[in-house]
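What follows is a structure written as structure tokens; I'll ask about it next.
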Amino acid sequence: MTGPDRLAQLEDRLRRLEDRAAVYDVIAAYGPLVDAGDASGTAGLWTEDGSYDVDTGRYDGHDGIAAMVGSRGHQGLLARGCAHLTGLPRITVDGDTAVAIAHSQLVLRREDGRGYDVLRATAHRWELVRTSSGWRVSRRTSRLLDGRPEARELLRLPVAPPEEAFP
Amino acid sequence: MTGPDRLAQLEDRLRRLEDRAAVYDVIAAYGPLVDAGDASGTAGLWTEDGSYDVDTGRYDGHDGIAAMVGSRGHQGLLARGCAHLTGLPRITVDGDTAVAIAHSQLVLRREDGRGYDVLRATAHRWELVRTSSGWRVSRRTSRLLDGRPEARELLRLPVAPPEEAFP
Amino acid sequence: MTGPDRLAQLEDRLRRLEDRAAVYDVIAAYGPLVDAGDASGTAGLWTEDGSYDVDTGRYDGHDGIAAMVGSRGHQGLLARGCAHLTGLPRITVDGDTAVAIAHSQLVLRREDGRGYDVLRATAHRWELVRTSSGWRVSRRTSRLLDGRPEARELLRLPVAPPEEAFP
């Protein structure tokens, strides 16, 4: 392969790693933003018409997602003390879209102040798109891991197997 | 340094980052696969003769690991609702092998349905190898963090210090 | 753009990704090191004059941080069985400094041995610097997510938004 071709290939491979890093950052930003109560910051992780479909409700677009963060329910969690901790996501980037599978936990401070209860353990499927201002979430689907098949089916949805991710 | 040498060096550095990304993906895939009850998918993260040595038992090869996922004990966890959440791993790639240290938690839905109990908090040492079809786990050693020295010794095993990881 | 310029740009982009990887490794090393009770290893993640400012105290320099790990309180946690699990961090590298925001949980084995209690859920702001021997922590600020404004303000502190991270 000649120099120019090798350069172009390097640039492609580098772009792919940068895309992964950007997707990690979007996913990593969610917990801190909702735990800070930052409604517009949280909504801004999604595309304008992005959606968040969770077992407890469905939130559409920036207004819908911001309203969730501003809701009485969410504000009650913040006042008590809560943390949305995100586990290591499995990511596949394919051109201008990406899919990530990740678990999270929501822990809530106990009323007696002695530590935290694990309120939720959730399976998430993040679908992301490259936009002119960076990677954004087009859809996040989240289901409580409560023994019902929904969460397990979510986790089974196809993501490229490890061997295809870096050919 | 001349152009061709710089290119070759860039390719090496890029390969190393791609290896890290692939190792992250293997580790990240474990929790979703076991929580989905995907026995063959879980086993496929290991090499054919890979092993999983955990304080509660030892599982060898694809058959052994798949049998663990299909076991009555594991299926009982799934039916109740469980999540294996993996924390941020520390990874060292050295040529065709890699070592990662990571914590995980296993949370189990409470019988009364009010949240989850943290059943296990575990230290893991992942040993991985590059195969013709991607990175695979050759051995995973896991010990409950229960105050006994085993888990702490596992965490103390040598991994390249940060300063050597990117010289 | 000519070959040499493209090469130089590639090297810059690659360096940035390597920096991210190194920062991930420093953050990921913390939990395993403190849970192993490795006082000097933990302290070595910081710069010589680095500081760790947590809601329960402030620890300065290698001696201060090592003393925290060796303290009766910390050793008591280790003897009971504890895990410091770090969630996915959000990282911004800017030249020779980096900032990361991450949650962690501290779980402690219950006295009756039946699982773990979530003792702490904490928001962290890591500030790191490039040194001649790799990336080190110059300051870590940590606040319990207990409903007080401190932790939420910590999470709100400016980090480059995702769109600026990879221009």
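We just call them A, B and C in the order they show up, numbering each chain from 1.
Criterion: a residue touches a chain if its C-beta (ideal position, glycine included) is under 8 Å from a C-beta of that chain, and two chains touch if they have at least 3 such contacts.
In this text, all values refer to a predicted model and were calculated from it rather than measured experimentally.
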item: Subunit C against subunit A, contact positions shared by both copies (same if over half, else different); value: different
item: Rotational angle, Cα trace of subunit A fitted to subunit B, multiple of 5°; value: 120
item: Computed distance of Cα centres, subunit C from subunit A, in Å; value: 21
item: Residues of subunit A engaged with two or more neighbouring chains; value: 3, 7, 10, 14, 17, 85, 87-89, 102, 105, 117-118
item: Subunit A-facing residues of subunit C, complex; value: 3, 6-7, 10, 13-14, 17, 20, 85, 87-91, 101-105, 117-123, 144-148, 151-153, 155-156, 161-166
item: In the complex with subunit A, residue positions of subunit B that touch it; value: 3-4, 7, 10-11, 14, 17-19, 21-22, 24-29, 31-33, 35-38, 44-45, 78-89, 102, 105, 107, 109, 113, 115-118, 133-135
